[in-house]
Amino acid sequence: MAEFDLAVRGGQVASGFGGTVRCDIGIRDGRIAALAERIAGAAQVLDADGLLVLPGGVDSHCHIEEPQADGTVSEEGFVTASASAFAGGTTSVVCFVPQWKGQGVWERYRDYRRRAAGGMLDHAFHQIVTDPTDRVVAEELPRVVAEGVRSLKVFLTYEPLHLTDGQFLRVLAAARRLGCLVSVHCENRDAIAWRTAELLRAGLAAPKYHAWSRPAVVEREATHRAIALAELVDQPIQVFHVSCAEVAEEIARAQARGLKVWGETCPQYLVLTAADMDRPGFEGAKFVCSPPPRAREEQARLWEMIRRGTLDVVSSDHCGFSYGGERGKAAHGRDAPFPDIPNGIPGLAARMPLLFSEGVARGRIGLDQFVRLVSTNPARLMGLYPRKGAIMVGSDADLVLWDPARRQRLTNALMRHAIDYTPYEGLEVIGWPVATIRRGVVVMREGKVQAEPGSGRFLPRDPYAMI
Amino acid sequence: MAEFDLAVRGGQVASGFGGTVRCDIGIRDGRIAALAERIAGAAQVLDADGLLVLPGGVDSHCHIEEPQADGTVSEEGFVTASASAFAGGTTSVVCFVPQWKGQGVWERYRDYRRRAAGGMLDHAFHQIVTDPTDRVVAEELPRVVAEGVRSLKVFLTYEPLHLTDGQFLRVLAAARRLGCLVSVHCENRDAIAWRTAELLRAGLAAPKYHAWSRPAVVEREATHRAIALAELVDQPIQVFHVSCAEVAEEIARAQARGLKVWGETCPQYLVLTAADMDRPGFEGAKFVCSPPPRAREEQARLWEMIRRGTLDVVSSDHCGFSYGGERGKAAHGRDAPFPDIPNGIPGLAARMPLLFSEGVARGRIGLDQFVRLVSTNPARLMGLYPRKGAIMVGSDADLVLWDPARRQRLTNALMRHAIDYTPYEGLEVIGWPVATIRRGVVVMREGKVQAEPGSGRFLPRDPYAMI
Amino acid sequence: MAEFDLAVRGGQVASGFGGTVRCDIGIRDGRIAALAERIAGAAQVLDADGLLVLPGGVDSHCHIEEPQADGTVSEEGFVTASASAFAGGTTSVVCFVPQWKGQGVWERYRDYRRRAAGGMLDHAFHQIVTDPTDRVVAEELPRVVAEGVRSLKVFLTYEPLHLTDGQFLRVLAAARRLGCLVSVHCENRDAIAWRTAELLRAGLAAPKYHAWSRPAVVEREATHRAIALAELVDQPIQVFHVSCAEVAEEIARAQARGLKVWGETCPQYLVLTAADMDRPGFEGAKFVCSPPPRAREEQARLWEMIRRGTLDVVSSDHCGFSYGGERGKAAHGRDAPFPDIPNGIPGLAARMPLLFSEGVARGRIGLDQFVRLVSTNPARLMGLYPRKGAIMVGSDADLVLWDPARRQRLTNALMRHAIDYTPYEGLEVIGWPVATIRRGVVVMREGKVQAEPGSGRFLPRDPYAMI
Amino acid sequence: MAEFDLAVRGGQVASGFGGTVRCDIGIRDGRIAALAERIAGAAQVLDADGLLVLPGGVDSHCHIEEPQADGTVSEEGFVTASASAFAGGTTSVVCFVPQWKGQGVWERYRDYRRRAAGGMLDHAFHQIVTDPTDRVVAEELPRVVAEGVRSLKVFLTYEPLHLTDGQFLRVLAAARRLGCLVSVHCENRDAIAWRTAELLRAGLAAPKYHAWSRPAVVEREATHRAIALAELVDQPIQVFHVSCAEVAEEIARAQARGLKVWGETCPQYLVLTAADMDRPGFEGAKFVCSPPPRAREEQARLWEMIRRGTLDVVSSDHCGFSYGGERGKAAHGRDAPFPDIPNGIPGLAARMPLLFSEGVARGRIGLDQFVRLVSTNPARLMGLYPRKGAIMVGSDADLVLWDPARRQRLTNALMRHAIDYTPYEGLEVIGWPVATIRRGVVVMREGKVQAEPGSGRFLPRDPYAMI
């Protein structure tokens, strides 16, 4: 009988630190059982010669099959999302259990747990909190957390999701008692509402005015506020989707004060710009997300904040709405004013190729930092490390074989998601995932996804050091 | 007939810039008509030999005879406040027209204008805005501003005064259209409420917990938010009563970005500490004000921010509640929990002596900066300069003769206000006002106030350069 | 007999603080005897209706008739410099007593004192120190300082003037004992030498490479070093001719630490750019000075540092070399490599018009700040205030009548200096001095200078508060 | 025949990133051949149960058997230093090839290479440059670098070692051409000389005045200067032995500008203080090193700079002088003035235990960061990674088995060096190395060192990514 189920042989293994080492990987029972100069005695062998072997991507911010208050769910389901993730080198995601005002969270968790079980991706959850009533805080959240949901997600903007400062403080205090991270969407709701009303009053309603309605100062304000309130409660937080350097600077200042504050950014802020929302006709709607992409020159400053380590996670914030779909971007017509355009863009499959190409291939970051940004750091911050995000003995055998030289022009077909467009259509990247392994199973080879619906596992998270 | 009504002779005239010059001052019709080596031909002569001659103090933040929603008014009336001001070298004040939720401002302005006319102090007004309804913004505020009320005051905390961010934005936008300054009380209401509830739940209700309920981060948060929203609207603001350096630092950062943001501090933050609220029994209530005095070591850092020019106005925030009064500090009994202690301390008379003694006599600031902090800068920021705050030809003849060497132990009797205590009782100062002149009239000599009730004038303000 | 020798009537008097006041000025015995609504009884009356009346300019950094080690003197003599200064609104200068290595300073002072006495400008001196021997430090400097020379000037670059750090420390320590300010030319000598050698080796010798030989980092390094060494000795310093924001930032940091460090800039850094040195042929030599003008975009940042108050003096660093002169710019021929081009440009007459036009007329600074930058602040920092730099009773009657609306195209003829060109030829300014008064004497009217050689006075300086 | 020469079994392997993983390590031919859940088939087995397994320490700043200009060598020889290193968990060092003014480097390199070969430690070299003549720069340095010496060390202070700025620039430029790192001892020589002379003149000569002679500003100045000159040349540098936060702040600013500047600190700055030099009699001499230890409160700020990542290497700067030795601390007698006390303290063995105890055991840093500071980061910065500083397949099998709970009181005997004292005598640490493995050989167990003199290897370094 073979000692190993699978051996990955001859690759350059990049663990996220200290460059690459050429070694074989022996996998048994879905986990990495050995790293060695040479692994023999494997039932199956995958040749990685000439390829990088990276830990499977961990996308800690994905909206998948997310139920809405009206009973509908987002277009992207777990099966399509799993295919999209595998196609792009990602093997684990953290997605969101909803809460709707006036309701609890336990049933939502149960329902969402069931939905997620239908896919092929390993998955953990953030619990969204929009209504921290006494009952929710005292009874339901502890129960959900006990299931292994160790992060609470709050919004400082969006109707009807946003929390007042007082509600946010309740969530921070609850998180502290329960040992959870709190992730925050930071934009000032009133400021956006005021700007939006002024813009509409002035007849400025085209998609591009979405960016005008929420300039950087609106995001910086909410970020400083979120940090200050977290500081008051002494609770670690992660600032989601930082779009520009002045927001990151608030995080850097907090870190220099010794606070546990982390910053996430997304490929859209490194690749897209506000000008994309000004494409002819309604095309700009394809790029509407919040915070909005900023000016081109902001991107260089954002890369600098990545290099400095202030921003240490790159997620997709995958949140797809089809351009042509009934409930998609044009749900209110192709001349809908910008506030009626659903916020969000798909990016699950494109995340790693975009960051590798724009980052590593263009020399902005090294391979180590790439691996940390897309896999190791999110795994650590989410308490999934070293089960996920690592190529270490004992870790889950989630691996991606990456051809660093392959040139690929992005098309929507390659994305393998349920959405009818990609905002990156036609963009050429350098570097491409040629095979993805999830817990020892080859689930993608050369773009072809083969994995059984229902094979994804829930990842319960224990208390961990970072919070 | 004499050429001048009054000559002040032989003093060292300190204009706030460039040290002192020995010269005579000729006054006619209440204004400075001449500055000369020697003024002859005056009907009355005041000998200032050996004394400093300073522009009369301008206290741009005073709560005097302020009507409350319940029909009462604050203990300090305009007559007693005038006496107190003159006793301490101040000749002009800016006080507050109230607004109560659900009501307008025009009647309030009319009523308050009438009240203020009964005193002896020259006075300008801030218009408090607590309810910026369409009608108030569109109809009433323009009318009040047209009367010469060129600053709007808002609260980001206090029930029921505080504004939401959305309301604050409306006020900022209105101020921009109307050409007004906006002054802001910066503390985060929800954070204070949360902390207060937690403290009370833990049985921590003594006066000293007032400081625990609103730590510096609560003030810093609201300050950054106020600046950010003002930045969004492109509207100048003044941050009231900055209590510590980390708050001032936010102002410094904004100034370095080129924003029109100014910072005020008050003597209580330079002289008192949070420990004063921990005096035995209920005594600590005498020091309860918001933001609260901070730690002793914070004071040195605050002086540094004054020297850097980040904080450029020192006001009293005079807001007196008698210790023994029925509606005073112990209105809810001498074991009232801290949230039931009225916020505010008296300081109109003590302001200039305290700042001179702690600042000039102790070498922390020069005489010029003293004059600017207590007179010139508030006059400029309020649009009263050079009518007030200056010793220039054509300026109002508001002067204070100051003995820089006189040692004086502060007592409540010296304060000449309507309040039954001073938080500075027993403190010895170096430097003291020996005579005060208001528009050419000697209204105070050696502590004796002589001025006719009703002789104070309203100071309408025109649009001016700083906003 | 008339009470006043001269009355300036009806002007808008701008004292540098708080805008303008319309008043008359009465002058007696060369000093301001009175400021009043109306001055009658004057022997002579000058009508200033419609004009600004400013304190005469104080240019605290001028190279005039400066003897060189080889026995020659600079082209600009005191008579021509006086005419140029008066033409541009300046009435006082601080110029430089040389020292040459191996020699003392007392004889130099005596000689230079005699030279300066031949002009019409009031003058104070910096003592250059290039060789702080025991004898110079212990015997000669005290003697020169006792004469009223209260500032020592040192160079951290230039052959053979520069000091080692050890020599600089000796000067700082001597200045501290003697109560002198130290002014510093901050550029790193070795860095310039290294870059220059590399450039010449590469055949890059045209005038424009002067700027390449001393980039901003070279100036920033020397500035931080000068500040650090002054900090070690606890000695106030002024950083001369700051050319860009990153250098000013070092000064701002030092000020925020509470150090007595001041920064000067010059019009050339606000108006010229490095590109001017790239004009065709040898024309670029006309703009060669050190530090060199920087990039256009640097100017906006420099204005910001002026507005922040980090840079508080604008001097000319007038140091003229005729373009065609035998000992001028082309002394080594019109194809001389850049190290052989004399460093320095003329700017005595252009200083105030340039700063008024670019600053006040273009809205970058207010009138008050203009007056402070060109007159009040240099007077204060040099210990000449309030004798100079002020319009106060008792001050010297040095005034300039300024037409804020006059448009004037600059030509070399208007400069009235001994140099055959101006780097600002053809530039149109808004605002122009129409009359200059020096100690009560009208020495310039409408460009016509009338003053007797030998009428300028030496300005001995006493110990003063700023050092 | 066994597959592995040695297996380390059952330990918690800490690679410097992501906590620990329980796995076995299989070693063959001195290198790590496998990491696996279970390694069988090894000729020798070392049980690490209950222990941490860390990569062997890399001490990138050690003075060992360093020849002096006078023909003597430092007391510590390679054999004793090897024992000391192994006793403290260190397996590799980078030490210094000297250069003396007026002489070349090649012979020095040859000689030093021979000396180092006599020890048991793996060793790489910095080449000290004190005289960058044309010949040295053009001919000798390239030859030494070609041998694998990829860092140049310069001194900005010390007679007769220090370089002028011009010489430093030559070295920086040479390093850039040759692909070397430059490491810099940053203190301002002239400032120290000036202060020293002043102190001695005042009769202040006791050991403690060593600290007075070189305050923080002297170190900060040289650090900013070193960075600025490196910036001019675009050459990466490492700032040696940063003693306080204000120096580290200069490094942080440079890093934020995107420069390749790294900072090292040493245990003496985290554990000792200036007060130690004030111990009775001549005892203080035991703590004399440069820069000197600072005030106690500085230590917390230094830890903060470590946590921020600004300081990323902790070396020993081992430089031992026996207290009683003829050429030791008291070479000039026990009442020698401080400038005659040799600079330097021994710390090779104490480095890792001190940092683990003060850092990890006291909760100031995590285990990961500890490993990075003492092993991974110096290996990376020196271009030795992943051969050294890593527990990866293919890396040299340099390991240390660490008992995190062992309490140990430090004594000089434990240090196993040639010096007669340790500055840490009597200090109790938590955490201790119980075995050290160098290239697969167990060279230390429970304090007992067993390794053959001459078994250490020279580590030639190739060009690498960090420079």
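Before moving on, here are some points about what is shown:
Just so it is clear, A, B, C and D label the chains in written order, and each chain counts residues from 1 on its own.
Note that a residue touches a chain if its C-beta (ideal position, glycine included) is under 8 Å from a C-beta of that chain, and two chains touch if they have at least 3 such contacts.
Since this is a predicted model, take the numbers as computed values, not measurements.
Comparing the centres of all chains, each the average of its CA atoms, the largest separation from chain B belongs to D.
Between the CA-based centres of chain C and chain D the separation comes to 51 Å, rounded to the whole angstrom.
Annotation: 59 Å between the Cα-based centres of chain A and chain C. Averaged Cα coordinates give chain A a centre that lies 41 Å from the centre of chain D. Across the assembly, chain A contributes no residue in contact with two or more other chains. If touching chains are joined by edges, the resulting network of the protein chains shown is one closed cycle, each chain touching exactly two neighbours.
Contacts between chains, counted with the stated touch criterion, involve the pairs A-B, A-D, B-C, C-D. Against chain D, in their complex, chain A makes its touches with residues 13, 15-19, 21-23, 26, 33-37, 255-256, 258, 304, 307-309, 366, 376, 380, 385-386, 389-390, 392-395, 465.
Touching chain D in their complex are the following residues of chain C: 164-166, 168-170, 173, 188-191, 193-195, 215, 217-218, 220-221, 224-225, 228-229, 231-232.
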